[in-house]
Amino acid sequence: MPYELISGCQAAAIAVQRAGVDLVAAYPITPQTAIVETLANFEAKGELGGEFVSVESEYSALSCCNGAVAAGARVFTATSSHGLAYMHEMIQWCSGARFPIVMVNVNRAVGAPWVLDPDQGDSLSQRDTGWMQIYCANAQEVFDTVLQAFMLSEELLLPSLVVFDGFYISHTYEPVDVPEVEKVREFIGPPQFQAQVEPGVQANLHGLSKGETQLQLVRRRHEDMLRAPQVFTAINEKFYRVFGRSYKTVDATIPEGSKTAFLAAGSTAETVKWFLPELKGCGLIQLRMFRPFPGDELGRIVEEQGLERLIIVDRNCSTGTGGYFAQEVRAALYGLTVRPVIQDLLLAGGIDLTKDILAGAAEKSPGDKLVDQEWGVELK
Amino acid sequence: MSGKTNEALLNYLYARGSEASSLNKTGGWRLAAPEKIKRLSPCRHDCLLHSEVPDWMEAVKGGRWEDAWQIMSRSNPFPALTGHVCFSPCTENCNRGRLDQELEIPAVERAIGEWRFDHYQPRRGPRAVKDPVAVVGSGPAGLSCAFYLSDHGYKVTVFEKSSISGGMLALGIPEYRLPREVLNKELAILEEEGITFITNRTLGEDLMLRELNNDFREVFLATGAWLPRQEKLAGAEHKSVYHALDFLSLFNTRQHVEIKDPVVVIGGGNAAVDSARSALRMNGINHVSLIYRRSRAEMPANPGEVEMAEQEGVELVFNANPAEVVTETASGSISAVLFNHSKTNREGLVLDTSRTFKKECGSVILALGQEPDYSVFDPLEEEMSLFAGGDLVSGPATVPEAIRAGRLAAFSIMAKIESRPGPDVFGISEQPVAFEELNLLGRSDLELQDRQKEPVLEAGRCLGCGTCNTCGICYLFCPDVAVEWINNNYEFNLDYCKGCGICVTECPARALQMEGGY
Amino acid sequence: MKITDYSIENELMYSGHNACPGCGGALTVRYLTRALGPNMALAITASCWSIIAGAPPLTALKCPILHCPFPSAGAVGSGLRRGLNAKGHYDTTVVVLAGDGGTFDIGLQALSGAAQRNEDYIFICYDNEAYMNTGMQTSSATPFGARTSTRPYPLFKHGQKKDIMRIMAAHGIPYAATASLAFPQDMENKLKKAQGIKGFRFMHVLSPCPPGWGTDSSETIHLSRLAVFTNFYPLYEIINGEQWQMTYYPEKTRTPLKEYLEAQRRFRQVDEMTIEALQEEVDRDWEGLLKRVNSSGETK
């Protein structure tokens, strides 16, 4: 197996190169820069296959992808934090236009002030824009997920956001199984969707429409996205046959008899998993897919395992409400006959998740609020 | 993976192969619509026949010769003739002249006539099915009347005093101005059309009004004005003193004329100029003087013709009134003409008998004017029905005026026979479109160019003052693509026209207006 | 080369589009499509043309239209060009259409980026000198002295209109030109010329807006012409950002600016002194342009 010692950013970039794209348009921002640079290096060596466009802003990066994907090209871009926020208008437009774009977002806190740590709020705050979101816990997941995202997007005609944490994943070097180009390309194939803009074919794409039309479009988009878990599973079955790995939308590691579980997404899941032997009586639920939200699958796990308490690791905060994941989980599990206690562990700002924080949270009783630990550190 | 699903989705969502927005009938937004109008062009205004010049120019421009002929023949059935002999006042105020050079209208007019010669097809089926009509006189008025009557199915017989048909066209107008071939072709076509020509019949001698009235339903008299005006001039009875029309008749029918060098032509009208230029063309004649009693500016002759005469070497003498033709006693031949100085003032012509001069000459041609011979009406009986026109009514005039009179007569005769009200006389009260009114700024296709030899190209230079000349500006400047080229015309598609009015503002020919005020 | 094709079947714009009567923007696109032919893909940024193009499934053009958000035009063009190349459509002409807002203001960043990268497409700015689609709010293309709905009477726009042509010239792009609706032949020549050039091409078209400018809908062409005749909007082209060439000298037709201003209600509050000042401004700009033209030397 050709294992390589690479960072998360490199894993993402190499995956893009392996998949074969027609166009990459990107603008640099820490901690995403390594993706841009790696892709540029591929281009310099003549190995990218497509074109690399250094655009003048994140907004233009996504706009450029927008134009190319409309012509039927496979495109990719990557950004982070402020860059993602700046794209907001185009993000919505791309999903409305049903463009199968794949974008990587490397989590970083959004200012002010300037912060570089991996708060997840940048991508989570885009949850309502019609993009699928998948959170990766390590570099191998990053590599595999980027490949799968192209297939997922092109099947559903919906854009995908592949998310991983800044520095913990983006800049950490891990051994990653990197398959050969030929093998990947044979697996993915050329772009699997029809161009919207075709020379000579008269079309008024995304022109002024009525609210009723938009109702139909939004409904269709919603229904299509709800098919994502099913398509994701199908892709992973195929993926397993070729590459020997597969992923679920929600993964659970629950030791025998545990009634408490941490729920985490991204690198925090990896951290919790590492400490599980020391956190007696606790399990882990790793949330990989965030949009669409795999509520049914999560409910099934909670019921099957008889979980009584969920501690949600939210390295983010929707100010005035609390953690994004906690909100989503509460909403998703509301329909269960026996609902677990849901406690929110807020680590906004992207602070480091330590064993002490996890243990402290686990030690609390189900009825307690995680007040002391709620913010991870004391703000004085 | 699932290209088909995606395709279906795209079709559903984004209307691939979208439908044309022309389903959206924007004409409903309109408050006023453009409509074509026709305003008088300077050429039509000045034309003695008020011929629809811009219209036939437009047809020629498009190579639609049959259309051109149809438009032309509405007012002028003999464009080949008029194209040669008309002094073409139409060109004088041509607006194109303000850009580069006036259109050479007669050349295009002639071209239409010649096209007709080449493409004439005798009508099929019975012709001349209606009542017989007699036309007396085969000059331009008679021929014009005969044409229109015959065209409408009347059986026409034309009587001519001379041995050849054509009247003034055959006898009065010199060949250098009207090639006889052209006249003969016109006459041949008229004969082919079923008109009977009978020559050598003189009214009052072997042709009687009474008989004509009996034999024909109606009679049109167009015997012209051939009687020389009698002026008291001593010695004028000499046999070598010719009256202009007599001289021209002999000359034009190539008969012998006893004439000696140098020649003096007295008079200032077109007959005088024709005589002078004809005389100069005769063998043995080296010097011709044209002597007129008033100034050059007062000459009734066409200035262009006078200029031509001057260029050919005719000596022009003005302000000289003839007093006596001097005969050499010994030989009995003419030696000179005595003239008094004369000029015009408020009272008229004033002679200064104290100032005389002698012009030596061998022959004299008097072109002092001619008048109709009203004896043709004798004997006139009360129950007779007669129409008359041309020079016989108007006195000496031009060929186009005679054609117009003949046309008017024909329609009056038909109106009478068919018990309809008589034709409207085309009257002009409207001002022609001035150059300043034209909006040529949009005509980026317009290139400054001088007259073109090719009639189609020359017709293309017409600006169509007041008449749509299909320049396409309305088409080009329409933001709604609501102007269409249909049947050689630009038509407004009112399904889509939003009534913005750009076409009306920009029409270079000023041939559009907004309907219903704007 | 002459505008001789007057057959409606060959028009690439349909009737029934949603432009106001006498719309300059509609004419701009009509000439544009006529000149560039059917093998064209058009990206349209938020502007009047977002409406004019029609409500899907209706469309006003015979070529594909890709609508895109306001600031994105320049970058969408880049992507569309490269995407079509990726699909082998090298000979398809890519055109980006933007209003003055999408060019001078919100779209300037993407425009500048695309121009600097010398992206291979044609950018057309139809300039109606304000945000007309939203009801004539001031833009940086609004000329000094004009009244808008955000500079209502007795206020009016202060500050000069942004000189977009010099901005584009500074990018050193292969071709930039101004065009007037009153000179369709000139416009077609320029468009065809632009089509034959590789790299970023920019065209600025002054597109009168009857409701916004306060003129009669029939005056659109007349105003376009006056703008050229008064030197308010000279016709020229810039090759490689340095070769300035006039395409029309209004020598015989030179008209005082006053005539142009007085024809439009949006300038109604401008007094005589301001008119004089504006005339001086126009004269100065004209001299500056001539200087650039003259120092460009011989035409390539």
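Letters A, B and C mark the chains in the order given here, with residues in each chain numbered from 1 onward.
Methods note: contacts are C-beta pairs under 8 Å (C-beta built on N, C-alpha and C of every residue); 3 or more make two chains touch, one makes a residue touch a chain.
Not measured: the values here are computed from a predicted model.
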| item | value |
| --- | --- |
| Pair sharing more residue contacts (C-beta pairs) when A-C is set against B-C | A-C |
| Chain occupying the most central position, where position means C-alpha average | C |
| Chain A-chain B separation of Cα centroids, rounded to whole Å | 90 |
| Separation of mean Cα positions, chain C and chain A [Å, integer] | 43 |
| Whole-Å separation of chain centres (CA-atom averages), chain B against chain C | 52 |
| Multi-partner residues of chain C (at least 2 other chains) | 53-54, 56-60 |
| For chain A, residues that touch 2 or more chains besides their own | 196, 201-206 |
| Multi-chain contact sites of chain B, meaning residues that touch two or more partners | 14-15, 18, 20 |
| Residue ranges of chain B touching chain A (in the complex, touch as defined) | 1-3, 6-7, 9-10, 12-18, 20 |
| Chain C-facing residues of chain A, complex | 22-23, 25, 50-51, 53-57, 59-61, 63-73, 75, 89-90, 93, 195-210, 213 |
| Chain C-touching residues of chain B, taken from the complex the two chains share | 14-15, 18-26, 29-30, 441-442, 444-445, 472, 475-477, 479-482, 484-485, 493, 495-496, 498-502, 504-506, 518 |
| Chain A contact footprint on chain C (complex, rising order) | 38-41, 43, 50-51, 53-69, 71-72, 74-84, 86-87, 89, 92, 109-110, 112-113, 116-117 |
| Residues of chain A defined as touching chain B within the complex | 98, 151, 154-155, 157, 192-194, 196, 201-206, 217, 220 |
